[in-house]
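Take a look at the structures below.
The same chain A turns up in both complexes below, where it pairs with chain B and then with chain C.
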Partner chain A sequence: MGSMNLKEWVKTLTFYELLLGMKATLSHLLKYKPITLQYPHEKKQLPSNYRGMLALLRYDDGTEKCVGCDLCEAACPSRVIRVVSAEVPEEPAKRYSKEYYMDMTRCLFCGLCVKACPVDALGMTQEYEWAVYDKRQLHLNKQQLLAIGDRNFPVREKRLEFQHPNVAYFNVGFKEIPQKDVE
Partner chain B sequence: MPTPSTTTETVTLTIDGQTATVPKGTLVIEAARQVGVMVPHFCYHPKLTPDANCRMCLVEIEKMPRLQTSCSTQATEGMVVKSSSSVQAQEARKMVLDFILANHPLDCPVCDQGGRCDLQDFSHEYTATSSRFQELKRVFPKEYFSPLIETQMNRCVQCMRCVRYCDQIMDVKALAPTGRGTLTEIKAFGAHELDCEFCGGCVQICPVGAITSRLSMYEFRPWMLKRTDSVCGYCGDGCQITFQTKDNALIEINSTQGSGRNNGDLCARGYFGYHVSEHPDRLTLPLIRKGDEFQSVQWEEALELVGQQLLDVKAKYGADAIGGLISGRCTNEDIYVFQKFMRGVVGTNRIDSSARYGHLNGVHALQRVQGTHRWSVSFEDIESADTLLLVGTNITETNPITGLKVKEAVKRRGAKLITIEALNPAIGSISNIVNLAQQHLGVKPTGFSTAILGLLKAVVEQSILDAELQGKAPAYFNAISARLQALSWDAIFAQTGLASDLFTEAAQVFGQGKKVVVLVGPGVLRSEGGFGMTMNLMDLLLITGKLTNPGCGLAPLAEENNDQGAFEMGGTGAVLPGGTSLGDPAVRENLSKAWGRPIPDTPGSSLPQLIEDAQQGKLKALFVVGENPLASLPPSSGIHSALEKLDFLVCQELFLTETAQKAHVVLPACSYAEKDGTFTNTEGHIQSVRTAIDMVGESRPDWEIFSALSVMMNNPMEYGDVKEIGKEIRNLLPGTRTLGPAPLPAQPDSSAIARYVTTDYQRDIAPRYQLPVNDAATDEITLQVSQSLFHSGKFSRKAKGLLQVEATGKIYLHPEEAARRGISDGDMVKVSNSLGEVLTPVGLRERIPQGVATFPEHFDEEIRQLLPYKVDPETQVPYYKLARVHLKKVVGS
Partner chain C sequence: MHPFLEPIVAKFPEAVITAEQDPVRGDLWLQVKADCWRVLAKFLHDDSRLALDHITDICSADYPDDQDRFEVIYQLLSLSHGTRLRIKARVSEEESEIETISDIWRGANFLEREVYDLMGIRFIGHPDLRRILMPDDYEEGHPLRKDFPAEGRGWRSRFDFLPKLDEPVGEWSEAEVPDDQRHQFMADDRPGDKKRTTEMLLNMGPQHPSTHGVLRVVLELDGERVSKAMPDLGYLHRGVEKLAEGLTYMQVLPHTDRLDYVCAMTNNYAYVRAVEKLIGMTVPERAEYVRTIIAEVQRIVGHLFWLGTQALDIGAMTVFFWTFREREVLLDLFEKLCGARLTLNYYRIGGVDADLTPEIISTLREFFKTFPDHIREYDTLLQKNRIWLARTKGVAVISGEDAINFGLTGPVLRGSGVAYDIRKLEPYGVYDRVEWEVPLGKDGDTYDRYWVRMEEMWQSVRIIEQCLDQLPEGPILAVDAQVIPPPKPEVMRDMQSLIHHFIIFTQGFKPPKGETYCGTEVPKGELGFFLISDGSSRPYRLKIRSPSFIHMGAFDYMARGYLISDICTIFGTYDIVMGECDR
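Moving on, here comes the complex of A and B:
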C-alpha cells in the first residue's frame, strides 16, 4: 500500500482510467460523425476487383461464351460447378454447355473458375445480396447464371474468332455436317 | 513387331546413366522404356514399324554424328545414349514442338483429347509458352468424316500412326494422307466418307485429338472417367476392354496396348457397341403374364411363382418335363450355377446352351480325337505359325481379333496362308483375309466338305503322311486312302469348281509347314455336316503328323463370348462341369458328393430334342436364360409350336425379346457391364469380367436369381458372391481353371489319339468320306445367313453405335451375279423357295462368290423363314444357315 505514490492516488480518485477508456465515446458525443452504413437504405461502394456472385457471360451478338470445356469444374476447389457439355444443336462439332449448374451454397468466391475459363465466359459480379429463405434457391442453373451476367455486364466482348485470327477455327460449328446422334 | 522374339542374344547399353540389357535388335526407345526413361515421341508405336517422321524422339548417342531418332535406331553393345541428360536433344525437341505448335490450333478446351494428349504433355514438359511463329495457322475445311469417327485435321501432327495402323494391323487401308508438308491431311481413302471396319484403332492410336470418337464426343473429360477393366461380351475372342464410366454412365471403351489377348486392338463391336447395357428398353422389374398383358411385380412374387410352378410341373410330370436353355453370353459362374440348379434342385439333366449352335462340333471333335476340350494351340501359336489353314471362317467378320493374329503371322512373319473360304479375293471396305492367302480355294458355302476332302485326297496322293503313325495304325490310313481314292477329281471339280492341281499345291504348302494351325469357323461348324468336316480336318492334321507337334493344332472359333465356358461349365446336357461325361457313373458320384445333392442319371438333352419333346407334349416347362430361340432358330425348326405347347415358360433376360414376349414370367437380368464373373474365350483363356455400372433397375446377376429360386424351392444353394462360386468351381475342376496371363494350351492326349486311330474312327468314317449330294438347280442361288462384323446375334441391335454402321439387313450379291440377273444396287428382290418368299433390298459386294448370296443373321426376322433345318446326328447341332433360293427383281422398285 505504502508503495502507491501521490500520482496514482490522484488517478484513482479522478477515475482517470475510466475516462481514458471513455475517451473515444466522449469525443464522439461532442464531435458526431456516423460510421454505420444504414444498409439496406445505404450501400457501400465496392472495390472494382470485388468477388461477388458468379455469372455466365455472352458475346456482343448474344451468343453464350461458354464452350462447355469443364475446366471451371476441374478448377473449383469446393465442387460448386457441374457442366454437361454437348454439341450445339444445329451446329455440329461446336461444343457448348448443354447444362450448367452452380451450387452457390458451397462457393468460397475464390475466383479460380474465372481464372480457369479459357474464353472468359465467367465473371464475378458485384452482387452480394443473395440471402434466401430456402438454400435450394442457391442452386443456380445456366439460365439464371446468364441472367445474372446480362444484368451486370452490359458491355460485351466481340466473338472470340473475330478477336484473334489464329483461333478462327476454335469451336466453330458446321451446318453441313450431320449432328451427332443423341439417344 | 519391331522386337524380335526369336533371338536370345542380348546387348547392354547405357541410357541417361542407367544400364539396360535388352535383346539384340531392340530399339533404343524401347530399351529406354525398360529402364524407366520415357523418350517423348509421336510417330513411334510399339505395334507399328518405325517410321521416324516426327523427330520428337531425338537422342544423343556417343560416337554417332548428329542426334539420332531413338525410335528407329537399334541398341548395340556399349552404346551410350543421352536423352533428358542431353541439352542438345532437349533443345531439338523444343524446336520440334515449336514447329508442331506453329500450326496447332490449341483447341484443348474443346478437344476430347485434352487431359490425355501427348502434345499437351510434351508441351508442358518442354514449357513451350511462346512461339517464334506469328504467321496464321493452317486451317483445313472441315468435312463430314463418318458416323462414328470424327476428325479435326487442324490438330493433326502428321505422325501417320493412324494410317499405318489401319494398313499394318487392320489390313483395311481406309485412311490415306493427302496434300504435302504441313498441309498433309488424313482422309478416307477415296472421295467418300469413311467406310471401314470401324475398329476404333485409329482413334486409340492417335497421339492427339485429331481423330476422336463421335459416339462419346463432348460427353466427358478424361479426368472424370472411372476405369474398369473387363472383357468384351460379344465374340469368342475375349478381348480385354476398359469401361470408362462417368457418374454411372458408360462413356467409352478402350483397350490397353499390351494387355489382354487382343493386345489393345478391338473390333467395331467391342469399341462402339457398348450402349447395349444402357438401352432404355432394359427390363427393370420382373414381369408376370396376366392374360395377354404383362404386369410388373416385385421379385418375391415372381420368384415364388416360378419356384411353385417348377415344383408343380415336377410333381405332376416328373423332373424331366422341365428343360433349361442358357446363353453363352452368361459368365461361367452363371452357367455353372444354372446347371447345378437344374441338375441338383430341379433334378433334370435336360439343359442346353448356345454352344449347341456350332461350337460343340469343334469341341466334340477335339475331345474325340485328341482328348482335350480346348485348343492345343494359343493365339501366340497362330502368330508364330508358319502355315495357317482357314476353313469357312470368314474370320474378319466372325472373330476379328483372331483375324488380326492371322494377319500378323502372314504379313509380318511371313507365314503361308491357305484358305478354304466362301469369299472372293477382292478389295472392299473391310479387310478380306483371302487377299493375303497364298493358296486360296474359293468355294460356295456348300462346298466346304468337298474342298476338305479334296485337300485330304491331294495329301494322300502326294504321300504327305506321317510314316510313324502309319506304321502304328495302318488300317486307319488305308481306310482313309481307300475312301479318298474312290472320290474322283472330276466329281470334286464339279462341286467346287477347283481343279486338282490347286488342291495339290495347297497340300504341298500344308505338308511343308512345321507349325501348322487350322482355324475352323462357322462356315464349317454351323453348316450341314459340320461335325464330319471338323473330324476330317482333325484327320488331316493327324495323318500328316502335325497334330501332336508343338505349335500345331485345330482351332475351332467360338462365335459367342463364352461358348467355350458354357461347355466347360456343364451347360450342355450330357456334359458335366469340366467337360466330363454324364454317362460316367464315377464322375456323377464324385460330383454329387461335392454338391451334396444327387445328380439324376437320366440322359441330357440338346436343344433340338427339347423342341421335339415340347412339340410332343413331353416337355412342360422351359427355363430360358439369355437365349432367344424364337429369333435364333428358323420357323422350320418347330420352335413356335414347341413354345406354344409349353405349360410354363420363364425367360431371364435383359430385354423383352421375341421369346420373352411368349413367356409366363420374365425375370430381369444384369448385363456383363453390371456384374462380376469370368468368361472363357475361344482358346480356353479364363478372364475376369468386372462391374462397371450399377445394376439397371431391379435387374440381378443370373446366378443370384438361380440361388434365390433354389431357396424358394426349399433346396437352397447359397452363395455370398461370385468369388465363392469361382472357388467352388476351382475346387471341383483342379487344373482346368487357371486364371492368368498365359495358360499353357492343352496337350493332345496320346491315349485318346491311339483309341481314335485304332477303333473309334470306324464308327463314322464312311459317311464322312463321301461327297455330299449336289442337287442344285442351275438358276438357284445359295443363301448364307451369316455373321456381320458390326453385329453379334440380335443382342448388338440395341447398341446405337453399331446401328449407325449397319441398321438393316440386305441380301448381298456379287455385282456380276446381280448384273446377270438385271438387278442393281438397292433394288428390291423377291427371295423365295419352297418354304416361303421374302422381299428384301439388294447390296453388292465383290467379295461374295457368284452363285452365292449372304444376308446378315442379325436382321433375319423375315428371311429365316426360308431356312431349312437339320440336326447333326452325332452332336445334335442344329444346322439352319444355308438355303437354296430363287431371286427375282421386284419390278417397279
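Moving on, here comes the complex of A and C:
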C-alpha cells in the first residue's frame, strides 16, 4: 500500500469526486445566467427562412398569385392540399384557383409545396402558435390562407409580367404584354 | 466473376442460380435456391474465405406476377474482408416458407419476425415466430404484400373501434375484477422456505418515462433479477415502408425526418445517399463538405441528447440540463440553416438545400471554442462519480463476437472493441479527406459505450474543424435536369426549365431498374436504405434497416441477470428512438 493508495482512500472517504461535481453545480448557481425564455411573455427571434404556417400570397395590386396549376397538390407528400382551378371569367386563357383547401392537421412543414410553386404563390410564415381546441379549425380555406399571407407579408411583389421581360410570353392571357428591351 | 464469389459457386454449383456483381453500383449478389439456403448460410458464416459474420438486414419483396411470388433478401457483411454480399431466394406463394438462420446469426431473430409479420413468409425452425410490429391479433393480412391496400380506410370516424370525437363518452360497463378472482402476481410462501421460488412477470411500458418512447418490455423476474426480457415493439409503427411505395423519391425525404427524430439530418443523408447510389449521381464538392459538416454537427446533437437522457435515466439530472443548453445552440443553427429545428428536411438528392452562410460558420467556430469546456464539465459530474461508475461499469456486457453475431452497429458495437465504422470502411462524404480516429471500447459494458460516444464527440469536432478549413467554393446542388428541379428564378424565364420543373414535381424522376443497399453511419449505428426500383417514379420497395430495431433484438441477451433498475440503463445505452425502431 503506497502513498497513492492512501490518497485514494482519503478521496473515497471524503466523497471527493462527488464534492467536485457539487462544486461545479454550485458555481452555476452563483454565476446564474438564464438561458431559457419565459415563453408566452418573451418570444424567440425567428430566422426569415423559418418554415411555419403556410399562406397564400398576393401581388402588389391585390390580385392573387395562384394560377391553379395544382403543382403544390402533386408535390405534397401527405396530401394536405386540394385545389379546384377554373378559368378567369373574362380572360379565358388565364386560370386561377376557385377553391383552395389545406388540411393543416397533416402538414409536415417540409416546404415542398413552396418549392414546387412556379409563381411563388405560397409562402411559409413565421407563425407557429396554431393550437386549437377543435381539429376542424385547422382545415383552412382560401380566404383564411390569403388572410395569413396578408398579415405576414406586407411587402408584395410586382405582377409577374412587370418583374422581368422574359416571363410574359408564357402567359398569352395578359392583356398588355410589355415589350422586351431590344438592344 | 468476382473472386469473393468463387468459393461459393465452386462449393454449391447447384444451389447458386446466379452470382453477379452489379456493374454500375458494385454490389455483389447471389440468387440461390430457397431449399438449399440453410446449408449455404452455414458455409457463408463459417468459411474463413468469406467470414460473413455480420447480418445487416433481411428484407422481403413481393412480385405478384411471378411464378415464385416472394423474394427474401439477406444483406450480409464480412467485417474481416470488408465486403457486403446480398443473397436473394425466391419462395412461392403456396409454400411461402424458408428455413431460419436465426441460430447462425442471432440478430436474424427479430428480422425474420419482421419479414413474417409484414410479408407473411414463414421461417421453418424459428424459435418464436410471432408478429412483431403489427398487433398480435391483427387478422387483415400482411401489409407489405402488393395486394394489401396502400390507402387507409379513411377518416378516423369510420373506424368503429375508435371513440368518436363528437359522441359523448360512454359509461364504463365492465366491473373491475373481484379481488378473489384476481390473478395474484405473488410467489407462494412455502413453509420452511424463505426464498421465493416462483417468477414474476413485470410489465414495463409502453408508457414509461425511461423507455424513450412507446416501448413495452415484459420482464420475467427472479426477485429483482431479470431472467428473461421480452420486448414488445410496434406501438409507434406507421408503415413508412408501405407509405413510401406510394410516394415519389423526392416525397419520401420529409418522411425520413420522422424516423429518428432526434437526428433527422443523418436520416436525410442516409436516404439521399441511397437514392444517389441508385441513380448513379455525383454531388458537387462543396455540397459534400457541407453534408459532412452538418452530419457531424448532428452527431454531436444526437450524442448530447443521448448523454443527457442516459444520465437522467440513471439519476443524474444536472447533466440533462447542461447538454440541452449546448444542444439548443446547435438547433438554433439548424433553424438558421434550413428553417426548422427538429424535422429538418435539409439534404436534397444531389446536394443540400441551403448554403452555409459566413454567419453560420462563425457561430460554429464560436461554439467549438467553448464546447471542450462543456465536455469537461460533464466529465466532472460523471467520469469519476462513484454512483455513475457503479451503475455503468460491468452492466449489460456484450462481447465483440456476440455483438457482431447480433448485428449490432455503431457505438454499441464499437464499445465492445470491434472497429466497424462505415465512415472508415466505405468512406463517403469527405471522411477520407480529413484526419480522425475510431474510438474503441474494451469491455463492452455501458461505461465503455459511454466513453466511446464521448470520444466520438471530440472526433466530430476534429472533423468539422478540418472541413471548415478546407471548405471549397462552388455550387451546392448538382445540375441534372432529369432529376433535380431547376433553380426557381429560371423556372418562369426559361421554357425548358419550366417543363422540367413540372415533370419533376408531378411525375418525379425515374431511376433505372435495379436495386441497391446503402448504409450510412448515423449516431445510433448503421442506418441502411435498401431500394428496389422497377423503373417507375416510385420505389417498388423501400426497406429501412434501423439500428434501434436491431439493437432491441439483443435486448434479451444483454438484460439477463441484471437488476430491474439496469433495464433503464440498457435502454439508454442503446440510444434507442422508437420512431426509428418501429418505423
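We adopt the following convention: the second predicted complex is superposed on the first by the 154 of 183 C-alpha atoms of A that agree within 3 Å, B and C clash if a C-alpha of one lies under 4 Å from a C-alpha of the other, contacts with A are read in each partner's own complex, and residues count from 1 in each chain.
The rule is simple: a contact is a pair of C-beta atoms (placed from the backbone, for glycine too) under 8 Å apart; a residue touches a chain by one contact, two chains touch by 3 or more.
All values reported here derive from a predicted model rather than from experimental measurement.
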| item | value |
| --- | --- |
| Chain B versus chain C as contact partner of A:95, first or second or both or neither | first |
| Chain B versus chain C as contact partner of A:87, first or second or both or neither | first |
| Of chain C and chain B, partner touching more chain A residues | C |
| Contacts of A:6 with chain B and chain C, given as first, second, both or neither | neither |
| Touching partner for A:20 - first (chain B), second (chain C), both, neither | second |
| First (chain B), second (chain C), both or neither touched by A:35 | second |
| Which superposed partner A:74 touches (first chain B, second chain C, both, neither) | both |
| Partner chain in contact with A:118 - chain B first, chain C second, else both or neither | both |
| Partner chain in contact with A:155 - chain B first, chain C second, else both or neither | neither |
| Chain B and chain C contact sites that coincide on chain A, given as residue numbers | 71, 74, 118-119, 166-167, 170 |
| Residues of chain B that touch chain A when the two form their complex | 105-110, 114, 136-137, 139, 142-144, 147, 150, 152, 154, 214-215, 217-219, 221, 223-224, 280, 800, 804 |
| Sites on chain A touched by chain B in the complex | 67-71, 74, 85-87, 93, 95, 118-119, 165-172, 174, 176-178, 180-181, 183 |
| Interface residues, chain A side, partner chain C - complex | 12, 17-18, 20-21, 24-25, 35, 46-47, 49-51, 71, 74-77, 108-112, 115-116, 118-120, 124, 135, 160, 164, 166-167, 170 |
| Touching residues on chain C, where the partner in the complex is chain A | 165, 247, 250-255, 257-258, 318, 325, 328, 335-336, 338-340, 343, 345, 354, 377, 380-381, 384-387, 485, 488, 491-495, 498, 501-502, 505-506 |
